[in-house]
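First chain A sits with chain B, and in the next complex the same chain sits with chain C.
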Partner chain A sequence: MASLRDFDRRWIFLIMAVIVVGLNVTGGGGRLPVSEYVHNYYDTIEALPEGSIVMLSADFDPASAAELLPAYTATIHHLFTKKLNIVNVATWPAAPPYTVSEFGRIAPQYGAEYGESWVALGFLPGDDVAMGNIGQSLASAYPKDDVDETPYGDLPLLERVGDNMDGIDLLITMSAGYPGILEWIAQVGGRYEVPILAATTAVQTPDLFAFYPSQCAGFLGAATGATQYLQLVDEATGGAVEKERLVNQKRMAVQSGAHLFIILLIIVGNLIYFIGRRGA
Partner chain B sequence: MKREIPILLTVLSGLLVTLAFFTRGENVAAGIETHWSKAVNAELLQWALIFFSVAFILGIANLVRISLKQIQGGGADAFYKTVMLIALFGYLGVGLGEYHGWWSFAGEGEQPMKLWIYDKLFIPLQATMFSLLAFYIASAAFRAFRARSLESTLLLVAGAIVMLGQVPVGDQITDGYASRWLAFLMVYVNGAGQKAIIIGATLGVLATGLRIVLGIERSYLSE
Partner chain C sequence: MFLALQEAVTEAPFFTLDTSQPGDVLGAWLVCFLTLAVFSFLYKDNPFYKFAEHLFVGLGTAWFTMKYYEEGIVQPIHEYITSARAAGAAGEVFELGGYPLDTAWAIGFRVVAGIFALFLLSRLIAPNGWAPRWPLAIMVGVYAALKMTGETQSKLVLLLANAVAPVTDPNKLAWGELTQNPGWRIENWDMFFSFSMGIFFVGLICALLHFVFTFKRTRVLAGVSKVGVVTLMITFGSMFGFTVLGRIALLIERIDSLDGYTDPAYSLAGDSGGFLTMAFSPPILLGAVIALTLGVGALRGRGGDSA
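For the complex of A and B:
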């Protein structure tokens, strides 16, 4: 029993690595049932009339990209499919390169012109103060855009937005933590009555249940929520996010294996603990 | 005066920002102009953003000062501190140089070096650090997650249900119950607990805010 209790933890690392790599190579995940929260996220976007303006905030970094980037990609596809316009902002400094790569790849597929259908305003320091500033006066917060420093008023989409949140029909945040969805709700959602949607990391998802559905109309919780949403968007766009959907469905199979292994370790660890205690 | 002026500025700023919450905004149709307190609030928010930006520079200066001291001391971390400083100023130099057109390391049609470093180094490094969590959690699950008391048993059971309910295999082995148990835990148990915590914390913030605005709370002045 003592040898089991004190055995080298590198064996655990090795088994975990074999499970993750093995399922990544062989596993193929099936379709997931779609939860109410994901349906509401999808339906809120579907309900917007053509030409509406959505503020999409990239509040994440590479550490959380495995969970949030698929949701970000699918959301951009969904918004452009619906012919909605996007004002992109970021409150995390490491997020804008994702905006450059994702919009650079996706916007041309839909013929979405920069300045007309979407704009990228870039990173704004200041956390929740920055959000408050964006809510109060977008033009003051961002005098120029992030692509080629075009003045705010020279971009046709921003001219339609005007100065404040009155011109924004929906706010969506890809939220990895602080600042993120909770700060958007406090600084902008409640004050300017803008409906909010969110994609969140697994760690942050439990926080949202206190705000759903009154202050956050729908959300994609972690990789599970993102996978469910990718399934819906893939159907709606005729396979535009098929690659991302397949990768995420496979990730869910990998996550299944890892979670089962952790639960097994908890059970075995406790069995050893109780048997050892009885023996003592 | 060293005490009175900061307190006066804090009280004035706090009152003005609070006032701006309750005053009218511009309504062109009704011929209503923006209340002056909103303009002051907007100006204060701009100042706050400038402070945040300056804090970045102060943070870098402090990091460099402490790191140089440790490098000079030749401690165990001296090598890592040197790598960190080279990475910090190297990336800053690449970014500034490419932004201002002083130099470019990228060929025609290639992505800028700044983005190349981000894609090829920063993303894999951060993703690797985050991925290590899976191994540490697995190890901790075996060694530390013990049902020593009723509370820790409840925590373990709830954790297992959440892990099962989050993945497709959970429903497969429990005939669909895992996601239902997860929903119950999240909506009723977690939702109610979260709301109680948020209400309590918000009341605390409100009380502290009032104490600061009224000049009663002075701990921010190191008193």
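For the complex of A and C:
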């Protein structure tokens, strides 16, 4: 028993690596059942009439991209498929490069013109205060865009938005933590009555259940939620995100294997603890 | 070991900054080296990990400094004042926070804000001086007001309203309807919804009563408090589960990413043959070099600090 208690934890890391690599190489995932939260996220976007304006806030960084980038990609595809317009903002300084790469890749597939169908306004420092500024006066918060420093009033889409949240029909945040969905709800959701959707990291997901559905109409919880959403978007777009869907479905299968291993470790750890305590 | 789901990269440029293109060769080797260098910490602290850590901190600091300088200094001070002066000269209306304002006042407010920001830095010269207290007082006051209004509404009033929700849901199915529905799921069952709401209500009351210290802990209150503790433990367990979910998702993404770089386009041996191509691909070759170096270091007894 003493040898088990002093077991070198690096063996556990190695076994976990073998499980993840092994399943990643050999595994292929199936279709996941879609949860109510994900359905509501999808349905809220589906319900918007063509030409509506959606504010998409990239509130994440490379550390959380593994969980949020699939949701971000799928959401952009979904919005463009529905012919909705996107105003992209960011409250995390490391987020804008993702905007550049994802919109640069996806927008041409739908013939979405910059300035007409989407704009990228970039990073705004100030956390909650920045969100309050965006809600109060988008033009004051962002006098110029982030792509080629075009003045706010010279972009046709922003002319349609006007100066505040009245011109925005839906707010979606890719939320990795602070500032994120909880701050958008507090600073914008309650004040301007804009419906809010979110994709969240796993760590932040439990906080959001209390706000659903009254303050957050739907959400994609962690990579699991993103995978479920990718399934729906893939069907709606006729396979536009097939590659991402397959990759994420396979990752979910790997995740299940890793989780089973962790559950086994918890059970074994508890057994060692209780047997050891009885012996003492 | 090729991942069938990932697109095979037939040709990869040696170096490109175009992020919409498949990854370049130099980037692939860097990504693999840094990922494996960070993972090597799981064995023990070592120079590869230290290098990756210092590089990450340095690059991160540089990026953040650049973004905050651009968006927090250049744009709100220099560009703002320039455009305010231009608007003033052209006789146009200038806005501050959505309100039209005379340009002189707009510039004045921004200059005062800049001076207050400098006051904050005066702490470096006179740590106990009066100057930093003024901007701090303004910041605390504004922030408190901002948080109080929005957060009271969203995290107190509306959450309380949610907590007294009805225990039945007309959108859910009754027992008879549920069993007749092919592919039924228990969460669509009205009785399950009512049961969940009941558990939620009891858990909420008991958890709140656990934090009531006004009254003496009678047996009844102690019992209720125990149920509250169990509720809290279940909540923390759920949070732990989600945290594990997130961390494992990050690990899987990294492994998947390394797997993608076993593509012949990134291999030093090119598409010459199965084993050689694989052996000289970035993750395998770099993994072997790092493992070998750490192994030799461990054998010589100078592989760095112990884990």
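Following the convention adopted for this analysis, the second predicted complex is superposed on the first by the 280 of 280 C-alpha atoms of A that agree within 3 Å, B and C clash if a C-alpha of one lies under 4 Å from a C-alpha of the other, contacts with A are read in each partner's own complex, and residues count from 1 in each chain.
Convention: contacts are C-beta pairs under 8 Å (C-beta built on N, C-alpha and C of every residue); 3 or more make two chains touch, one makes a residue touch a chain.
Small disclaimer: the values here were computed from a predicted structure and weren't measured.
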item	value
Which superposed partner A:Ser52 touches (first chain B, second chain C, both, neither)	neither
Touched partner set for A:Val129, first chain B, second chain C, both or neither	both
Which superposed partner A:Ser214 touches (first chain B, second chain C, both, neither)	second
Which superposed partner A:Tyr273 touches (first chain B, second chain C, both, neither)	first
Partner chain in contact with A:Leu260 - chain B first, chain C second, else both or neither	first
Touched partner set for A:Asn40, first chain B, second chain C, both or neither	neither
Chain B versus chain C as contact partner of A:Leu32, first or second or both or neither	first
Which superposed partner A:Ser140 touches (first chain B, second chain C, both, neither)	both
Touching partner for A:Arg105 - first (chain B), second (chain C), both, neither	second
Intersection of the chain A residues that touch chain B with those that touch chain C	13, 16-17, 20, 33, 63, 65-66, 94, 97, 100-101, 124-125, 129, 132-133, 136-137, 140, 164, 191, 202, 206, 210, 222, 224, 255, 258-259, 262
Interface residues, chain A side, partner chain B - complex	9, 12-13, 16-17, 20, 29-30, 32-33, 35, 61-66, 94, 97, 100-101, 124-127, 129-130, 132-133, 136-137, 140-141, 164, 191, 202, 206-207, 209-210, 222, 224, 252-253, 255-263, 265-266, 268-270, 273
Chain A - residues contacting chain C, complex	10, 13, 16-17, 20-21, 24-25, 28, 33, 36, 63, 65-67, 93-94, 97, 100-101, 104-105, 122-125, 128-129, 132-133, 136-137, 139-140, 143-144, 163-164, 182, 185-187, 189-191, 201-203, 205-206, 210-211, 214-215, 221-224, 243, 246-247, 250-251, 254-255, 258-259, 262
Of chain B, residues touching chain A in the complex	21, 25, 38, 41-42, 45-46, 48-49, 52-53, 56, 115, 118-119, 122-123, 125-127, 129-130, 134-135, 137-139, 141-143, 145-147, 156, 159-160, 163-164, 166-171, 179, 186-187, 190-191, 194-195, 198
Residue numbers on chain C that touch chain A, as the complex places them	1, 3, 5-7, 19-20, 42-43, 63-64, 67-68, 71-72, 75, 79-80, 83, 95-98, 142-143, 146-147, 150-151, 153-155, 158-159, 161-162, 185, 187, 235, 238-239, 242-246, 248-256, 259, 307
